[in-house]
Every structure is written in structure tokens, then in C-alpha cells.
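Should a chain be cited, it is by its letter among A, B, C, D, E and F, assigned in written order, with residues numbered from 1 in that chain.
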């Protein structure tokens, strides 16, 4: 009754497809390396999924992610930390304060860093915006993942990529594609997202497979640090705010507070 | 007294028409598959209407919608889940954690998925915005609905479509047309809308036939999950926040709290 | 002392005029059809004025307006419901759930509908913005009002018209003209305005002759529905929030709460 | 030491001047006609100044201003009400509900109306923005003020003028000029400003000589109406919220609450 | 190692310079003329600095500033009040209500006014934006300061200048330059800044040497007026909110409340 | 499987690199000069890192930074204060009120100032935006750092640089580059960031190595000043709000309140 656009033409542009689920297999769970965290999420993160970790400045996002890479390395899985803002040298040095055994793991090539902070900082006057596009980032990462058989990936941070676009209305579409691209790389990924406006839900919070919040707020005269799992697809997860402490092994989730599972 | 534009010219552009209601017939109610929910809305959703389900990340929007499709499939009505962001494979796997019997229903073709997440994620550098327009989405869905006699439809999510437009002032008009187009398809539709700004009422909340909110908020030291029916045209509906629990069968509305019907 | 622009030139563009009030006559009050409402406003709405009804999704705006048309029809005055978003068929069916006797009144032509939801929903790809301008809307409505001697008019909703403009700074002026145009049509009009930002006063709330709010808020663990008359020119009106209930006859204002009149 | 722009050139553009105050004389106070109000402001408004009255929809701005004009008329001073939005006919009729004796005063030409609501409402499709500029408004008003020796002026409302400008950054300058122009007209002016965002101070609130707020808020289960004098230059004024009631004579400030003068 | 831009070229544009502090000398403190205020700031304002006074409409900014000029005049220092919005005639008359002895001081040329409210208010239709730029304002003021040996300067208000710019991103730079220019004029300056958004810190609040807030808020059923010194460089200052009263001598800071100095 | 962009081409533009950490060495901690502060951060700031200090007007940002430079000078390390807004002369004079011994340290060249407040303030009418770009600032600073072997650097303030850009979407990238450039200069840097919107986390708060907040808020009838370390990479730091007092030696952190270390 209604004239259709050529389905062929549409398919070429949008590639809608009906999946068959012939080859899907249950992903295994991997350990996060954050003490007390895995028991909130049925034992660990689902392999090969893309997670977002979100929080205010100083909430421990980097530390959490490094624990994830270290845990992988201990299990002989290579991890890659992609740094857009802070220099890998500083991150490395700061993380050496924890008793992760990071220098050994780095020297063994099991924890790797990629410095994406860009070109010569004194040379920018002749160039336009040179922020990496999601496509660039995917290509560069893909190469390293293949070379080194990377299994765990940290992207620090999403905002460095998102702001490369001049048209905000296509950011969502590109972010969807970027996350799909990450899924195809064969690694478990955690994206760091720097909290800007606490009163809104950001796009990436909706798009990623799981969403972990690190809180840092004032309560009865003290600052309280806590972790909260806002979303974890395919997982019966705790959704309370759980107090965290920073110890020699990094972030730990306070065990005795895990008294209410939804 | 006042010179009019040619009514003929106007009619061609806007097609104002006076309906006769000769052939309208009372829609039947269909069961949602969400335990405890149908009794809040006179027994079920009205067939062939378009509903919006809204909530923050991790509030259970996908689970709620899948229960709707599974309930249809159990009653031998084909359901279609149109996925723009998350991959159907991941949704399928995650939903297999519930005891819905989803693999059987999928293998029987009673629950179907459409992957609208788009083109090759590493190929975007040569293309402009390729987000599907509402017209594209309608055409693609229409074809599948006819082919498979689809009776229940889930669109995940509206934001993937809305953001395809460069002129925000026409989003409302296009969304109206999109919802009208969905109504003509002969299926009961639930549109997922990702909550962004909790302090505003969004356009789609006003435009859709029914509006279901999934809440996820902090109260007296715990996170509370609940469902609330904000709008349900043609239905004497409960409008309280009703506590929900996630069990092996998905979301359940807490029965004993249903003590106040407006 | 100061050189003036030619008053003649100005008058042609702006038509300032000093009215004489020779022919003004006191408008009569018409009954709203909403039980308990008219006694809050000296017995009824003033005839031929333009009112705005405002509220969040699901607050009962459509039901309130339909009661107004039904009351007119019972008094043998023709009413017209102009639908921009929801289809008249759905509104008709939903309203048949109330014991208004709507089918009879519709079949007698006393309650009429105009479908302004526009062109073929699958055909939009070839057209630009086709939202009706206020001028279009007035012309189309004027013709029907003359043809059928319409006395009561509902416009659902203002936002469908307001958003047709690309320059926001002239929206106020055009809305003023639109409301003036409605006043000249010889019918009592209620404009539905969908609440978007509850923390601001919108232009239309200032411009219309009367402003009725339908509230739907959370109070002491329950949702409370209420009506509030924010503005009603020429009328000593109640300005409290009055509880409402939805019964077989539609919205009713709770009689026993009407204990404080300003 | 520093090279100056030619002072002559600057003076021509900006006309900075040092006043001598030779001819300034103390303005007299005029009675507002609002019972209980004048005693809050040393007996009345200062003649020939420009005041702003601000409030949400339905707060009584029009009534307050009409009382001012009526009081003047009773004292044989002509008043002019410039209506941009509501039609003078409707304002006239609505105000006849009060026992102001308005019809007599209007027939004597002591209370006059100017209809600035503009051109034929059905003819707008061929025209651009035709909102009156502040210069137009001043010219038109000036002519009437001279013709009829107008002493009290009401402008309803400022927003109708402010929104005529496409460049917001010059609105402040133009508003300053507009208010200066009003001051030169030899009448006491009250500008109605429709409250839009209650959390901000608007430009006109800063620019006008006096600022009167009409409040309409919810307190302990009831709506409370009140008046507050935010600013009144040259006057030792009360700055509390004073309860108001609407009676047959219009707005009255509640006498027994006037117990605290700053 | 890194190629530098020619330092010569840079120096010409930005004039970075290393000061020697050879000729700097301790500024003396001048009395504000506001009773109870100087004891909050080590005895007075630092001479030749630029201060900002900020507050909502009607908070007493003009009165505070006039007291400063009057105090100077009593000490035989000439003061200049630069008026952009309100006419000097009105300010003069309003301030004559206080027992400042203003007429005598004005006639002696010790308190002077500059009318910057601009060109003929009825002539604007042929001109573009004619707001004075910061450079214009400085030039005009500089000339008067030299002519009359002005020692105290009031600029009413900053917003009149700030809004002359079409590119907001350079407002900060220009404001910095404007404040530097004021410092070079050899007078102590107070800039009036009209509060618009109470939830943000404005640029000028950061840029000026001292920041004085006049509050006017509702507390336990009454409006409370107070002064607060937010910033006062080079001064051990009180930072509490101090209650103020308006008396025949203008604003007075309530002495008995000055019980806590930080 | 997926065609890659030439890795060579990408590398040239983005210079992704895998660091080896061969030459990294543990930075030493330097004393801040703020009494009671160093014990909150394991004894001092990490050398050669970039810190941000943030606070409302008058919170003591300049004083805190000057204490840092003075402490360095006492230890015979040269410090440089780069002033964009306030004149070095005023800062110098204001800081001489503290018993820092600043005049001696300045005369010895151990505390140096750079005046970046720009060109002749009366000459701006012929120039466009002349704000220094981050590249300019780095070049100018680099030269001075080499000439004088500067070890501690204060930039007052970041906003003067950030607002030089017309495209906000590249501000983050440029700020990243600027902070990287500062790191390469071989000095410990503190950037002053003027708080504008207290409800958002600003980009620089996320990008810098450490984030120190100076609070100034109303609590139980008094203003309370405090310091809070929001972020300090590589450091087990206190994260409470610690009360501060201003004494002859500048800001001191109240010792007895340091009773809770996270």
C-alpha cells in the first residue's frame, strides 16, 4: 500500500540484519582484581564486553582500571592502557606506589601502555584540530591488540575522543559504532568517562554494556568513597553504594557492607 | 471577511481530515508478561498502540521489553526486537540468563532480532552521518512485519533515531509522524527512551500513547527499583510507584504494595 | 521637539488603535462539564475566550477538554477537537470508556474531530518541514467553524504549532496573533500545552486568557492528582490546588476540599 | 601620555555630559490606588519615574496597573493602558467586574486604551517579523500623551518589545534607551514584566526605577498572594512580602501584616 | 630542543615583562563613608585599586557608592559617578533624601556626575549598536579625571559595557584590560555589577581587586539586608554576612554583630 | 579482515607510542610552604607535576601559590609567578603584608613575576583578540625558565588562556597539550582556576595531576574557610575538608582537625 524505498538501497547503507545466534557462546567471567568487587557481579566481568567507569576527579578511576590490567597480567593475559591525557610515565610511577608488582609485569610486556597524548606540545600553532577520531583510535588499537594478543583494554578517556566531533548530533551514532568496534577487537574493555554534570545521564552511560560509578561525596562531616554498579547486563548485580578503601593493593570494596543484594 | 489561503492548497500539504469512526473497533488487551503489571492497567496493554518505556541506565528497560516479546511468543505471536546500540548477540545471551525459554522461542522464529547498529565500524571515515531516518526505520520494519506477521515490536532506542536530525525544531513533527507510522504497522510497539535529564518532560513522553517509567533511586540507604505508569490512554491505571524485583522470570511488580488504585 | 517617524507609516504596519468599547457586551459563562470545577470560577468559563490547559504526561488534559466538548454538545453546541499528535480514532476509542455518550454525540455531529497529524507517514523523505503554521491552522479551523457553527474548540496541542518556527524570538508575537485570531473565530477555545520544564513560566501561560494546571505529583508516598486555576481573567477564582479523581464521568474536582476560596 | 580618541568624535556618538542639576526639582508622590500600598512607600510613587511590576501568570499585574490608572482618573489625570497581548475589549470587560467605575472614566476619556496587538491575525503569512521596536512604541505613545495630556502610563508588556531584537547583546542598551525615552514623556509609567525564570534577576529588574513583585506561591497547603517592593529609589520603603487580597476594589495590601518596616 | 616562535614577535603582541618593583609604594587606606564598614577591612579601602560591588535589584549598591564619593568630598577629594542607566538627575534627587549634604558638595564640584546614558532615545532607528566600548569609556573618564583631579570613581554599571561585545570569549580579556586601564587612572574605583545568576561566580568577581556583596534575602519571615566582603586583596578582612540598616546617613553596618573576624 | 588506514600516516599525525619506562625515576616531594598541608599528602607535592588550585573569589588561591614560591626560594629554588589579570605590583604589595620576607627574595631574583596582562589598555580599538594562546604562553615561559633555572611555576590563571579559543570542542585537546608542555619544562607547576559553576566538574579538574580546592562557605551562621585535596596522583592523600586560617605566614591548615585520613 505504501511505496517503499528500495530495500536493497537501504540495506547497503544501514545493513540491517537478522542474526541467527548459531555461533554465540556464553562468555566466561574474568576477575577484576578489585578485592570484594567480583562477588557483587556473579564472580567477574563478562569477557569481551565494553564497560564504562565514571566518576569525579580523584575518585580512583585509573587505579581501578590498572587493577584490572594487573589481574589479567597475573593470569598471563596481556593488558593495554591507552592514555590520552596523563603521560604513561606518570601513570606508571604513580601505580608503582601500590604493591601490584607493576614493574615486573611491564618488563614482561604483560601490561602495556600506549601514549596517545599527541604531537609535540610546542608545535600546535600550525595545525588544526588533530584530535584522534574514533576510527583512528580503533585502527591504532587494533594493530596493537593483534601484535600482542591483548585481552584487556583500558581507554583513558572517552571524552578525549568524543570532543573531536564538530556536530554533536552524530556523537551518539559514532559512539555506538566505536563501542561496536571495540567489541570486535576480542578484548574486554573499560572506558574511563570523566564526570562533568552529575545531574544528567550521559550518552555513554546508556550505551555501554556495564556502568560502574565511583562516588566521592560528603556525608556527616567526612568524605565517603564508594563504588556502585549502575548497570551490568547479563548479570544479577548488587546495585547499592558500597564503601571503598584505598590500600596497598589499590581499591578494595568493604566486605562487611555487602549485606543487601537486590 | 478574511481572505483565506486556498483550502485546496492547504489540504494537499497538511491533509486535515474529519474522521468518521465507521470502522473503529475496541482494541483488545494483551498480556505484558511482567508479573503483577497487567493488573495495574485493566489487564494488559491495548493492542496496536505505541508505548514509551523510560528510565536511567540499568533500570531494566530491555528486560521489561523482552518479557513482552516472550509473552507474545508463548501465545504464538511473533515479536521483533530492533536493536540500534547493543548487539543482538549480547542481548540474546544476557536474556538467556532468565528462565524465559528464549533459545527455543528464537529458534522457532517467534522472537526475532533486527540488528540496526549499522555499517562496518572501521569504515566510517569516508561517510557522513548515516544514522537511519525515521522513514528508513519504518520501511525496514514494515517489510519484516509483513514477512513474519509480527505482532509485538520493540524499538531500542528512540534516541538513535531522534538524533539523526539537524534541525531540532522539526523533531517533534517527525516523531509524531514516526509514531503514526508505527501505529499503521499493525503491531503493539514499545519504544525504549533513555532518560537524560530527569528534571524535564521529554517530547516523546507527551507523544506516545502510554508512558511507563522504571525508577532506580536512593532511599534510606538503599537503592530502590520501581515501576510507575505515568500515562496509559483509554485505561484506568494505577499511578503509584510500585516496587519491582528482578527474579528468574525477569521483572516482577511487588504484589502486596498494590494497595492504592487511583 | 523630537522628530517622529511618520505616524501614518507606523499605523499601517502596527495598526495601533484606540478602542471605543461601544459594542462590547458582557460574555456569558459556559459550563465546563467537569464536576466541581465551575463553582471555582463563578459558574463557568467566559464564552469566546482562549484558555490554556497545562500539565505533565498523563495528567488528564485530553479528558478535561473532551468533557468541555461533551457538555457543549449536550447543550446542542457543536464542539471541534483538533488533533495534531494522537489520532482521532484513538482519542475517540479512549474516551468511549467514559460514560459520556460520546458515540451518539459524534454521530449527531455535535462533537467533531479534525485530524491534523499530517501527511502520509512513510512519505516524508522528499519533503521539508511541513508543520502547519499558525496562519494555516487558523484558516483551516475557521472554515470548519463556519461550516458547522462550532462553539467550543480544543487545540491539541500548542507545541505542534509553536515548533514550526525557526526564529524563536518571534514566537511570542506569532502566538499573540494566533490567540487573537482564535478569539475572532467566535468559539470558546482551550489550548493544550504539554509541560516541559516545570521550573519556568512559558510564554503561552502569560498570553492566554485563563490558565488551568493539571498536577500529578508525589506526596507522602502516593501520587496526587489535582487541578489549579492559575489565572482566570474577569473572574474571582479559587487558586488552590484541588484534588481530582477520575470516575466514569471523567475528571471530577473533589467537592469537600473546596473549603478555601481566595 | 596615552593617545586619546578624538573627544569630539566620541561625544557625538555617546553624548557623555556632566549635568548641572540647576532645574531639577523634587518630584511629588502620586497615590497608587492600591489600598495599603502607599503607606509602604512614603505615601506614593514618585511622579514621572518608570516602574516595573513583575509576577507569574495570574498574579494580578493588570489589576494593579488598572487601579493606578483609575486613581489618576479620579484625580482628573488621564491614564493610558498600552496593550500588546490581551485585547483592550477583554481587559475592559474584566476590569468592569471591579467597582472601579471604569465605564464612566473611560467614557470621559480619563482612562484610555491603545491596542498594539498588531495587524490582521490571518494575514501574517506574507510578512516578516513586525514586532514594534522600542522606537516605534515610544513614537506612538508620545503622540497620544501629547494629544491627551496623559499623566499615567501602563505598558503591557515589556516582553512584547524586548523580543523584537535579533541580537540579545544590545537588548540592555535598547532597554536603557527605552526607559530613558519613557522618562522624557512626562508621565509616570508602570511596565508589566512577565516572570519567566524565577531563579534569575532579569535586566529590566535592574534598570527600572522601582521594582514591585507580585508573588503567588504555595505555603502550608494554600496559595498565598503577596506584594513585595524590591526596589524603590529615593524612597524609604518596606521590603517585606505583604499579603494581598482581591476584593471589589481590586488588590488590597493586608493592613494588619504591615508590622515591620525596614 | 623545541623551535620557538620569535620571542621578539611575541613580545610585541603580548608585552610580557618582568617588573622590578623599584617604585612600588604601599597604598594608603581611604575611608569608605559607610559606618561600621571600614573596621571590617583594616580601616579602609586601598587607594587606587578597583573594587566590584555586587547585589540584586534594590540592595543599595548606588547608596553605598555615593557614600564613598561623599566621604571623599568631605575630605576634599573629588569624586565622579559615571551613570550608564539611571539618569544623574534621578540619582541626585534620590540621594538628596539622605543627610549627606550632597547639594553643597555637588555645587562645589566635589561630587560630579557623568551621564553616559547615551544619545537621543527617539533617534535609534537609524543606528546600530552604539554601546560604549571599554576603550571609549576609559578615554572619556580619563579626560575628566585629569581635568578635575578625580580621586574616587564609581562606574554604574559594568554590565552596560560588557554587553557591547559580540564575541563572549574575549569579554574576559577586555575586562582585564579595562580594569588595568582603570588602575592607571590614579583613582580608587568601585564598579557596580548587577547580580543576574546567583548560582554562578561571574568573571568580574574574580578579576577585581576586592569584591563586596550586598545581600537581600528572606529569612524567618523577614527580608534581611547584609553586606559581605568576599575578597579584599592585601587586607585581613572580615568575611561574614553583616546585617545592614538604612538610616539618614545611608547604609550602616550593624556594629554589635561584628563579633567574629576571620 | 578490516582495511586499516596506513599506520604510518596515522603515526605521523598522532604519534602514538609505546613507552619503555627505561629512564623514569621516582620524583622527589617538595614542601609546599603551607603549614599543615604537606602532612596531608605524604610530605609534599611531587616535583615536576602540574597541579590545579580551584576556588571562589577571595578563597586564597594567590596566597597559597605565593607560599609555594616562597618556600622554594627559601630552599634556593627560583619561582616564577605568571600574572594574567592582577598586576604584579599589586600582588607584590599585597603579599608583603605577610611575613614571608618577600622583598628580599624578590630582590635576590628567587621569586620572579611575569606580567602577561597585555598591551596598552587604551590602545585596544585597533586590535582583534590578542589573548595569548597556550603555545605563546609556553614559549614565553620556557624562555624564562631556562634563563633563570625556574623550579616552581604559578599560572594565574588558566581561564585567561582557555578563553582564547573560538571552538570550544578543541579546548580539551589544547589543554591536554598545554599541560603536557608544562610538564616538559622541568618545573613544578600550579595552575589557578577560578571557580565559575560550582555544580559542574570542569575539564581542567580532570586533566591535571592534582586538584586542590579552597572552599569558602556559609555554615551555622559563619563563613568557613577550608582546603580539600580532591585528587593527588601517586599519593595517599587526605580527602576531607580541612579548616584553614589566615595568619601572618599566610594560609595554615588547622592541625587538630587532621583526625581522619582515608
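Please note the rule applied: a residue touches a chain if its C-beta (ideal position, glycine included) is under 8 Å from a C-beta of that chain, and two chains touch if they have at least 3 such contacts.
In this text, all values refer to a predicted model and were calculated from it rather than measured experimentally.
Engineer: Once subunit A is fitted to subunit C on CA atoms, what angle does the rotation have, in steps of 5 degrees?
Structural biologist: 120
Engineer: Determine whether subunit E and subunit F, two copies of the same sequence, contact each other through the same residue numbers or different ones, counting it as same when over half of the numbers at the interface appear on both sides.
Structural biologist: different
Engineer: Could you grab the centroid distance between subunit B and subunit E? Build each centroid from C-alpha atoms only and quote it in angstrom.
Structural biologist: 58
Engineer: Please report how many Å separate the Cα centroid of subunit B from that of subunit C, as a whole number.
Structural biologist: It comes to 29 Å between the two C-alpha centres.
Engineer: Return the distance between the CA-based centres of subunit C and subunit E, expressed in whole Å.
Structural biologist: 50
Engineer: What positions in subunit B touch 2 or more of the other chains?
Structural biologist: 2, 4-5, 120, 122, 125, 135, 139, 142, 199
Engineer: Using the touch definition up top, name the residues of subunit A that touch subunit B in the complex.
Structural biologist: 2, 4-5, 7, 10, 13-19, 21, 24, 26-27, 49, 133-135, 138-139, 142, 167, 169-170, 172-174, 176-181, 183-184, 199-203, 205-207, 209, 211, 228-236, 239-241, 260, 262
Engineer: Per the contact definition, I'd like the list of subunit D residues that touch subunit C in the complex.
Structural biologist: Contact set of subunit D toward subunit C: 56-58, 62, 84-94, 96-97, 103, 106, 112-125, 129-132, 135-136, 139-140, 142-144, 157, 159-160, 163-166, 194-199, 216, 218, 222-223, 225, 245-246.
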